[in-house]
Amino acid sequence: MKQPDAGPPPVLALKDVSKSFGAVRALQDVSLQLYPGEAHALAGENGAGKSTLIKTLAGVHRPDTGQVLLDGATVEFHGPADARDAGIAVIYQEPTLFPDLSIAENIFMGRQPRRSLGRIDRRAVHAATAALMARLGVDLDPGRPARGLSIADQQIVEIAKALSFDARVLIMDEPTAALTGGETARLFSVVEALRAEGAAVLFISHRLEEIFRLCQRVTTLRDGRWISSEPLDGLSEDDLVRRMVGRDLDELYPKQQARIGDTALSVRRLTREGVFRDVSFDVRRGEIVALAGLVGAGRSEVVQAVFGVDRFDAGEVHVDGRALPAGSPTAAMDAGIALVPEDRRQRGLVMDMSIERNIGLTGLGRLGRGGLVRRSLERGRAADWAVRLQLKYNRLSDSVGVLSGGNQQKVVLAKWLATEPSVLIVDEPTRGIDVGTKAEVHRLLSGLAAEGLAVLMVSSDLPEVLGMADRVLVMHEGRLVAEIPRAEATEETVMAAATGRTAEEKAA
Amino acid sequence: VTLAGCSGTTKDSAAKDSTGSVAKASANPDAALKKDLKLAFLPKQINNPYEKIVDEAGIEAAKEFGGTGKEVGPSDASASSQVSYINTLIQQRQDAILIAANDPNAVCTPLKTAMKQDIKVVAYDSDTAKDCRQLFINQASSEEIGRSQVRNIAEQLGHKGEIAILSATQNATNQNTWIEFMKDELKKPEYKDMKLVKVAYGDDDDQKSFQETQGLLKAYPNLKGIISPTTVGIAAAARYISSSSYKGKVVVKGLGTPNQMRKYVKDGTVEQFALWNPKDLGYLGAYAAAALASGQITGTEGEKFKAGRLGEYTIGKDGEIILGPPTVFDKSNIDQFDF
Amino acid sequence: MSPLAKLLRWDSVVGALLVAVFLVGTGTTDGFADTANLSAALNDIAEVALIALPMTLLVVAGQVDLSVASMLGLSSALAGSLWDAGWAFELIVPVCLLVGALGGLLNGWLVTRVGLPSLAVTIGTLALFRGLASVVLGTKAVADFPESYAQWATYTQTVPGTFIPYPVALFAVLAVVAAVVLHGAGFGRSLFAIGAQEDAAYFAGIRVKRIKLALFVVSGTVASFAGIVYTLRYGSARADNGFGLELVVIASVLLGGIDFDGGKGTLGGAVAGVLLVGLLRNLLTLNDVSSEIQVVVTGVLLIASVLTPRLVAVLTERRHRRAATEPVP
Amino acid sequence: MTTALDKPPAHAAPARTGDARTLVDAVFRAREAAIGGALVLLVLGTWIANPAFLDSQGVKDLLLNASILVLLAVGQSVVVVTRNIDLSVGSVVGLTAFTCGDFVSGSSHGPVVTMLLGIAVGALCGLVSGALVSLGKVPALVVTLGMLYVLQGVDYALAEGGQINAVNLPEAVLSLGSGSVLGIPYLPLIAALVLAATAYYLRTYRSGRELYAIGSSPEAARLAGIPIRRRVLAAYVFSGAVAGLAGALWLARFGTVVAGAATGWELTVVSAVVVGGVAITGGTGSVWGAALGALLLTTISGALVVLKVDPFWEQAITGALLILAITADRVVQVRTTNALRKRSRR
């Protein structure tokens, strides 16, 4: 493929870069050019090497072979600071904030405006942060500590940080994974403005329509290898998926019809002061129930209370007709509940532990006799599920920390499916997962439901909700405001309930 | 308490089955001091300056009679850390072990093992239990030390007023013995106007002793005198008083080394204090150990031996040998001493 | 993990050092390999070794208990004062163990229920327990413990047919139990998970708080048992018994390659660390190496224990990178 | 097309800026206020029981006693905010007190030389610890525990069982420990100076803020391009230098110094820091808090003596109060965080 001759030279480029981690070849002879004023997308399945490529550009990793070129000249970044000084701003896949410091300090750390004698000008820091927040159209107090921010808010701080550089190159690794539609739109308009000013943009997302919306060119990676670089004009989503996956994609929402059985999970008048109140619902065998709502509506906290990792102040949870003691995840597991949590890095996995041990962690009592663990059983359990979920890994004894985000998510799923639950609760099960795997996860959930499992799915992905759920429960500001059967569930009905419009209209 | 009555091993039932001590050989007072005797000094703590003086004098003395001496020991003064050193000394087949015990009982088992293997054991400075050593070189009679402290301070205070004691650790054996005698002395009628208000513990730590002194003076505004029968304590007390508004109002007495106390004697904070000559203590210890190892003595009361330049000593009750009366230091004589 | 890396793991290195110390000692120093010397040397670290076992589990779970030496002192003081009051020894032991368990419960409660960091909590109880010890016994030192029990604790009596004193034999048995618990049982897996990432362990249904609480209770109980061994072994109950021993225990455990941040380490490494400190000390003392130098050696070993694996990692990384840059055939 | 659910329009959210700001400040002020309050109560209570506690000599003693611990706590907190720890401070104090004493004994060197020497020796020790921790990337607790032993051994070896006696020290050096300007003794003056300068630096300089950032999240700090190694190294050198200064002051104050002075102080210093609200996990807390913690600890032991508490009970009470202090601090912290979360909800 040929570059337009008239265009300016690339600001930043990779030439024949390879990078290995031990035996894993994350990147092999990959090249990439970023042009000023152009938004470039990077596409690929989980583990294709996208984040590794970005970290190479950002000076976090040094390439084993190949070069990084800045304005056409070879550069060697010795650390993130070098890349930053060269005008490269990066939003990493996982938010990297200082939890104890204020949002303003997080954004300007190491670059605070200064007064005489090198003293920090606090007022200027606050003002600049407030300005950034206004530009992104969010209402976050610059003086608030980052600890306790929701993942979406954390991501927004990351974006603000990257914007504050006024960088020549803006690199974003799945910045929208946790954002709402409104926030995403706002981000895109800001990025558009930057691009218009001549900045080069590199953008990663598993949401293909975002790629088409924002970008002009796309580079596709598969298993660490460069597949193609081409203009998006004239490319269809299916073309792109084919390049990523190497085959045609199956249906994204393979919903199977299942026989709906008895009530498996029944939640009555569940209340946690200040968080959610009076939440009642049932989930029956063979059914997939989606819990929808705006980010921060309290969905995660409801399911965490059901599973017992959070306490609740009032209400009851019944599994198969038997009441669960409050605040005991162990009891919930014994009763057959499994919870795939939202934050896989903090709560879903022990990152330093091996794949097999992570999968074994939920079945320590069952992997041997008398409290002992038999390694063969542990390994067998892990190997079995790795195959069933098509996990991409090197060795089962590798730590899960080295897996790509999507494969990590599969390990979390494996760890919980291995407990053979009767009620499976999944919180944002496909966040950060590529389309191919997403379809697999959906098929899996659907299949499990067909086998008689009761599935409760918290999701912010509306098409996923509509495509998969038999019933949609909608939460708004800590209350369950609507229950919509599959037949009536549309974007409009769910959105209306989630934003509280129905309730307000009725009151009016 | 009555629980104990029913069954099991109690204090009373155990007392009956305690084992006897090591049988003693007979002495030959005329035997010559053996050559090449190996003596090991085991101080309370290796970096205690006072103990260092004692032990070095002992090592010097060993050279006088053709033996060798060495000092080994733990860097902390805990009750038990001496035990492992005793064990290694046994392995090294020393002829005699001289020990300043941190705890009279904790060192007993290994010391008994040593004696069984014909290694002589001499305690100095701070005694072990009586059946765990053959001799104890006491720097001065404990009773004399205790009572004289009270006598001295009473004289200086005109037999009136509140006093306090600043001791070392709560468990220091020699300190506690002296303090018992002090309390006993204070019961006599001539001290009826004096009152011991508190025994404080400075743990032989400069900083702690310093702060304890402060506290005493704060808590007892009428305090007239402090007795500190430990070298660290008296120096700390003197240093605090010399630099505070209490200077000249509170009397400090006790046991200290001249080098530590010179400044405070000269600036008038302390009128006088006492101590035996630590060099003589080490010297006598070395000769006593040699006499034991050469068979001149066995540790029985009444036996006599020659201790080089110090002359002849007689073994007292319970194998105790007393070095002699302590020296009293004051402005007039302090410059003649350097230790 | 490559075989080389496994070989160069610090716990294996400590094991090798231990063997080396033994061989060098036997070859160069009279009396070192003497059974009497070995029994004495081993018995000298009996309490440290005993306490090191629960400490290893705690550190793997990301916790630490600095109050162990004070608990040892409290148990010793309590045993002394009860004995003095005429209690039967057979009754004193369970009472002391109970007090140890209660002390551990206090630590555990403050850590799990109040949510305080264990380092801070146990610095506090370090002072508290030691203070209670001196309240219980004051300046007294109780010495006349029953011969039959005292004999059991000293090296003069060994397990028949061996040179191993009873406290050390007991330690050996407990070490095997601890090793099985840590490396073979689900409980051990939970400890590693808690130490590495507590949230994730909690979300996997592991009873984090209960496990931590249990560990502190065990730690307190073992420490108070060590207090009884100590009392009998030295035949002396005093309030300041075992003062400062906590740092020795922690140093030994860390020397064995247990990661202070939790989630990593092997029990074998910890045991090797404890034995290495004990035997090396004995060997140096036999050779009249002064205690100043011994202190320095301990320090240097500790630093080496963390620096060496790090260096090995850097070196293997380099080799990998070099291997990667070479063209694939 | 994938459409994520949208947030309600912005106008629905009330302005919560001012609200949250005061709360954040409240969280941090609450910690220091709680310790300060406890301190005031303790001092007042003791004063009522025994007025001599606060006479001019009493106040002087209170300040003098706290000075050295305050200094050490300030140095330690700078290390602790970076999520590291320096257990070797006790040994550094012992070593510098002895070397300084040895150097100035029998000479006519003044206090300035003594302090500079102390700072230099301390900084050197800090440099070694810091280099091992930051360049070797190894756990600080283990390294500094090792350094504790190494420096202690060096101290003993240098001393050879000897000691420094007040009589040999130059009068000028000793007067550093006992003299005063305008009625305020030198020691607390120096400690306050170091404290204020450190607090100002940590608050208003980029490198100071970066120390907090490193402690809060090392990974994020790396990605933000903060020179972690250099900063951590500097923190250790600072802590060492301050401990060295403390060693010199120790010499001036006590006059008599044996090897192994200040052994065991490391845990006291860490307690002071923890009581003062500097989280052992890094990233939060202020040197003011740490200094208050140090003041509280020394005042407790001072007050117990003045209150004529049985010496056998002293330590037990100190321990109990310590636990009480951190528990109270924790409760306050949890309450305010909860309030923060509840109020930031719409």
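Letters A, B, C and D name the chains as they come in the text, with residue numbers starting at 1 for each one.
We adopt the following convention: a contact is a pair of C-beta atoms (placed from the backbone, for glycine too) under 8 Å apart; a residue touches a chain by one contact, two chains touch by 3 or more.
Molecules present, by chain and UniProt name: A = Sugar ABC transporter ATP-binding protein; C = Autoinducer 2 import system permease protein LsrD; D = Autoinducer 2 import system permease protein LsrC.
Just so we're clear, the structure is a prediction, and the values are computed from it rather than from any experiment.
Shared contact partners of chain A and chain C are D.
Note: the chain lying farthest from chain A is B, by mean C-alpha position. In this assembly, the C-alpha centroid of chain A lies 73 Å from the C-alpha centroid of chain B. Work out the mean CA point of chain C and of chain D, and you get 29 Å between them. Here the CA centre of chain B is 38 Å from the CA centre of chain D. In chain B, the residues that reach two or more other chains under the touch definition are 46-47, 75-76, 170. Among the residues of chain C, those touching two or more other chains are numbered 134, 138, 244, 290-292, 295. Counting partner chains per residue, chain A has no residue touching two or more of them.
The list of touching chain pairs reads A-C, A-D, B-C, B-D, C-D.
On chain D, the positions that touch chain B within their shared complex are 50, 52-53, 56-58, 60-61, 65, 152, 156, 159-163, 165-167, 174, 177-178, 250, 253-263, 301-302, 304-308, 311-312. Listing the residues of chain D that touch chain A in their complex gives 1-8, 10, 13, 15-17, 20-21, 24-25, 204-206, 209-210, 212-213, 215-217, 219-227, 279, 283-284, 337, 340-342, 344-346. Residue ranges on chain C touching chain B, taken from their complex, read 30-32, 34, 36-37, 40-41, 44, 83-91, 134, 138-139, 141, 143-150, 154, 156, 230, 233-236, 238-244, 281-282, 285-286, 288, 290-292, 295. Those residues of chain C whose C-beta lies close enough to touch chain A in the complex are 1, 180, 184-190, 192-193, 196-197, 199-207, 263-264, 320-321, 324-325.
Taken in their complex, chain A has these residues touching chain C: 18, 20, 22, 64-65, 309, 329-330, 332-333, 339, 341, 346-353, 357, 360-362, 364-365, 367-368, 371-373, 397, 415.
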